[in-house]
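Each chain carries a letter (A, B, C, D and E) given by its place in the written order, and its residues are counted from 1.
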Amino acid sequence: MSLLFDIVLSLIVVALAVRVIVAEDGFAAVVSFAAYGLLVALAWVRLYAADVSLTEVAISGGLAGMLLIGAASRLRAIDARAAAQRSGRGVRLFAALLSCGVAGGLGLAVLALPDPAPSLAEAAVANLPPTGVGNPVTAVLMAFRATDTLLETVVVVLALVGVWSLAPDRLWGGRPGAREHADPNGPLAFLARVLPPIGVVVAVYLLWAGASEPGGAFQGGAILAATWLLVIMAGLSDAPATHGHGLRWLLVAGPLLFLAVGFAGIWLADAFLAYPTDWAKALIVAVEVAKLLSVAAALGLLLLGPPRRIDTP
Amino acid sequence: MNGFLLFAGSLVLAFVALGLRRVLRGPGDADRMMAVLLLGSGGIAALLLQGVATGMPGVIDVALSLALLAAFASIAFAKAAERAPDEAPGETS
Amino acid sequence: MSAVEVSTAGGTWLVLAILLPVIAMLLAAAAGGRHVERIALATVPAGLAVAIAIASGVVESGAPLVYVLGGWSPPLGVALRADGLAAAMMLVIAVVVAAVALFARADFHVAAGAPETRAPDAFWILLLSIWSALNAVFVTGDLFTGYVALELLTFGGVPLVCLDGRAETLAAALRYLLFALVGSVFYLVGCALLYGAGGTLDMALLAARLTPSPTVVVAASLMTIGLLAKTALFPLHLWLPPAHAGAPPAASAVLSALVVKGSFFLVVRLWFAVMPAIPGGAAAQLLAALGAGAIVVGNLVALRQERLKLLVAYSTVAQIGYLFLMFPLALDASGRLLSGGALAGGILQAMAHATAKAGMFMAAGLMYAALGHDRITGLRGIARAQPLSVLTFAVGGLALMGLPPSGAYAAKELLLGAASASGQWWWGLVLQAGGVLTAAYLVLVLAHATAAPDAPLAPRQAIARGRELAALFLALTSLLLGLGGWGALLPIPGGSVSPGLSLDGLMKSLWPLLGGGVLALLLGRWDERLPRALAGAGLGALRRAALVGGGALVQLDERLRRWPVAGLSLLLLTILFGAALAAGGSP
Amino acid sequence: MTAAEIFGLCGAALVGVGVYGLVIAPEPLRKLLAFNLLGGGIFLLFGAVARRGAGAGLGGDPVPQALVITGLVVAVAATALAVALLLRLFEASGDVSLRNDPPPAPEPES
Amino acid sequence: MSLLADLLTIVGVGAGAFFFLAGTVGLLRFPDTLTRLHALTKADNLGLGLIVLGLLPRAGLSGGLKLIVIWALVLLASSSASQLIARVAHRGERER
């Protein structure tokens, strides 16, 4: 029964993916992609990866969906022109053949994976106690492979610097996005008043739950970012000016605190990014809180794009 | 009973997946967005049924996040649609 | 499970090598304004010191430095390891970053009291992030950490391409980003499969655990091709020429000298450290064949360019090809290390290119700044106006060509030795031809630059002497690199390579200049006088024939650089590599 | 057949669809979607590997699951950078075609 | 008691699934955008509500609370989203 469910789900996912590529209409492609993301989140649940499913929903479904839908509407004008440059039938056929070859090879590789599968599940569970957290995925992210997570938060900040650097010179330091003129009585403003408190509660809940159950700073941060964007889109609050010092320190606070805790570990626990056993959970939660705020700010600003206007005094 | 819940979840998912044909047909962008809206609630229903049936931790939280973010795609769509006509290329270059 | 790995003395330097630039970058991003440049410049000597400390640590202990992050040893945790290869690369990268920083001060300086501006802010932050990412690539012992570092490198490199915001550079940056992203995810697939096969992503543990299987073959071919796409090895170089030629000079130097070395180094790690048990004989030949293609097409197309920066960019395409000649020379048919000398030669080549090419891009940028253009046929008189820049270009070119005692000379000797030892004379031939081809564009540029101007040249802009010296310093470093010996860090048979500073050696290496001169005459762009002179000497037909051939190559290059064609090449190569690896597996 | 195999094959198929789109789609935004499909397929491969490694009372190996979370964040950052670049290019030139090579970086007017 | 709870689950979940079917049929069959939108939001709100109702007896106290919050959120989201979509559709028709 459940295998049938998995097979049907996989087929729908692949069919949607094909449609994303072959749809004539660019907007239909983006919408199909959003639907695809939703179903992939279900697939993650079926793979016993609720943490990943949460991330997929929050980041890919929520943020990337908003981003791509916005971009598709703005690029509509040139869509038809670009589509006219479609490759010839021969090229497409050849490409399809090669893609099938690559996919086939990968399929073969999946089926040829060794049995019994090597796994670090036991090692992760065995080493869980000194980290003080109960969720093994959080332990991997914050302790066993904390370096990756640290570098990843830096990647997000760097991507934001990259996006900002696309602004024309005279707009550097200005506010991103268009100024929103929203109808204060419209449905959007209503949502933007009701949802944020709930969004904040859910984000904090996910962060708190992340220590023992699925959840964590990235998932919470993405939800916080989405909530913030809602308030901005409804015109209830303007996007921040990107030269603000408070904003910039907020952006780097998460990675900097992470680094500070990491270096403190050299003295307190004999290794960079090691936690003293008694303090492990408290430190991890503290870093997660700072990361939540930084990630939320960075993701929100990434979606808002480069600065587009300067305040005229 | 759990088997029934899982079955019902599959059924709901299959129904709303059929609705995705609207994405293909359109005709308007609004029709396409609706199909995703329906898929969103259907997905939430399927997740709830899964979560209660299997008791896997976190599944209900996934549904909760999904419910919170369900409206966001539509909001982005509406915003983009109201902005699209008055923005021309070359504006800020 | 293997024995628990422990950190060695001095391992903390490895953490600093990665994180010092990260801390600086975060502080700079937060502080903004004038502080950005100051923080970056303060980080340079510190980072240089860390690189020296690591190199001396490796030399002293005679073994890799190891740091186990968080005390969690692999397979669960991540270990940093710096062997001689990593230490040597880090040293050279630090030197290049230092010179680029000195050079870039003029372009990206924020005066006291001036408001914060876009390009300087972005440039220094991106430079720091690239430095950190490269060090992470060099010292990581973990494939996935390598992936995150590669992405850091990409996100640092792409905005550099379009720092000046013109539409053409934006398009170049977008192509670069999309192609680089494809490269990263191909690498990531391999990570997933190797974890499935070996239960860890630690390079050393994987090397012990992996056995030839379809999973490993597919993973290896996808990862290799993904990294090749990021390195821009021919024919996957569609993004490189416009991206490297369009960026500001300091950025071009960083992109060309540094950024492509990151993915190259991961290929080296993958083939030499992760898959020693995977028979890659045929695949290694294929890699080197692509390299040979890069050398021929890159160099000859470089000769046909109208603009100096594009010429230098195409010469990078060719130089990337050289880096891949070492694979069949260093590996035996069963995929194990056959010749440490060839491996050392490949790494030395990368170091030589990093220094020389950064210097050449900076020199080209200075000529551009003085002339207001960089048309090669319009370079007359620049040697008189800016002798140091032209000298830098010449020294860099000679160093790349393999004049003793340059790093490229040492690399060539090592590779030639390995080629004759393993009886693969054809790669020796390619190496020799490469020297001639490199000489050709050098002669072309120098002939134009040293020609007497029709009217005295009035530079549009005074060039600070310090900038010229920074560029010259890098070119000279490349030229003198062979004196370093390097036996303490690189696996050179006999301990060190002779610098080749005999009259005989010098004479021998001047032959390519002659051949290059002929090629430049036949294929280069000249104003009207030369073709007429050639026709007078009865060589007009020869030049016409050469031009037809050159034109065909330019056409070929243009075709290959179109998106669908490059994409198809990517897929085709993936399948070919898979087939070659699979064929190697079944005796 | 197991769930891990099914979703692993699904991931492989998504990779195939993604690379096809990347090669063929003329619109850059579509290429970006294709890149995301490709990435999604790879993450599912990780998921399949994780599910195969279930043990110690866990439904899946937590290490590859954590890697996917890292990968998803990196992918969304990449997507945001690409979209920003795309929109900026659109504003600057009114066209975003990447099919033919633009004449590389002509000189700015002097 | 448990029989009663099971019965509630079966009826609630079954009816909920039916309403999802109805919503899909409406989305595919109804003639124009606005009627489709109406049919759809009614059906999926009701469908999800009935499923939540059916699951309540099996979810425990805090779980049940979460279920109700989820339903409320979906109600809120879908009503606002459908209003927004309706505006776009309306404007699109005027322009045509």
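Here is the rule we go by: a contact is a pair of C-beta atoms (placed from the backbone, for glycine too) under 8 Å apart; a residue touches a chain by one contact, two chains touch by 3 or more.
From a predicted model like this one, the values you see are computed outputs, not experimental measurements.
The minimal number of chain-to-chain contact steps leading from chain A to chain E is 1.
Averaging Cα atoms per chain gives one point for each, and the point farthest from that of chain E is the centre of C.
Two chain pairs, B-E and A-C, are compared here, and A-C has more C-beta pairs in contact (counted per touch definition above). Among the chains, the centre nearest to the mean of all shown protein C-alpha atoms is found for D.
Averaging C-alpha coordinates per chain places the centre of chain B 46 Å away from that of chain C.
For the pair chain C and chain D, the distance between C-alpha centroids works out to 26 Å. Chain B and chain D have Cα centroids separated by 21 Å. Averaged Cα coordinates give chain C a centre that lies 58 Å from the centre of chain E. Residues of chain E in contact with at least two other chains: 73, 76-77, 80, 84. Multi-chain contact residues of chain A (touching two or more other chains): 2, 48, 51, 67, 72, 74, 78, 87, 91, 95, 98-99, 102, 106, 109-110, 113, 117-120, 124, 144-145, 148, 152, 155, 159, 162, 166, 168, 188, 191, 195, 198.
Listed for chain B are residues 29, 33, 35, 56, 64, 68, 71, 75, 77-78, 81, 89, 92-93, each touching two or more other chains.
Considering their complex, residues 6, 9-10, 13-14, 16-17, 20-21, 23-24, 27-28, 33, 36-37, 40-41, 44-45, 47-48, 51-52, 55, 58-59, 63, 66-67, 69-71, 73-74, 76-78, 80-82, 84-89, 91-92 of chain E touch chain B. In the complex of the two chains, the chain B residues touching chain A come out as 3, 6-7, 9-10, 13-14, 17, 20, 23-24, 26, 29, 32-33, 35-36, 39-40, 43, 46-47, 50-51, 56-59, 61-62, 64-66, 68-69, 71-73, 75-81, 83-84, 87, 89, 92-93. Within the complex formed with chain C, the chain D residues making contact are 15, 19, 22-24, 28, 31-32, 35, 38-39, 42, 45-46, 48-49, 52-53, 63-64, 67, 70-71, 74, 77-78, 81-82, 85-86, 88-89, 92-93, 96, 98-108, 110. For chain D in complex with chain A, the touching residues are 1, 3-21, 23-30, 32-34, 36-37, 40, 43-45, 47-63, 65-70, 72-81, 83-88, 90, 94-97, 99.
Interface of chain C with chain A (complex): residues 7, 12, 15, 19, 22-23, 25-27, 29-32, 67-72, 75-78, 115-119, 121-122, 125-126, 129, 132, 136, 144-145, 148-149, 151-152, 155-156, 158-159, 162-163, 165, 170, 189, 193, 196-200, 209, 213-215, 217-219, 221-222, 564, 567-568, 571-572, 574-575, 578.
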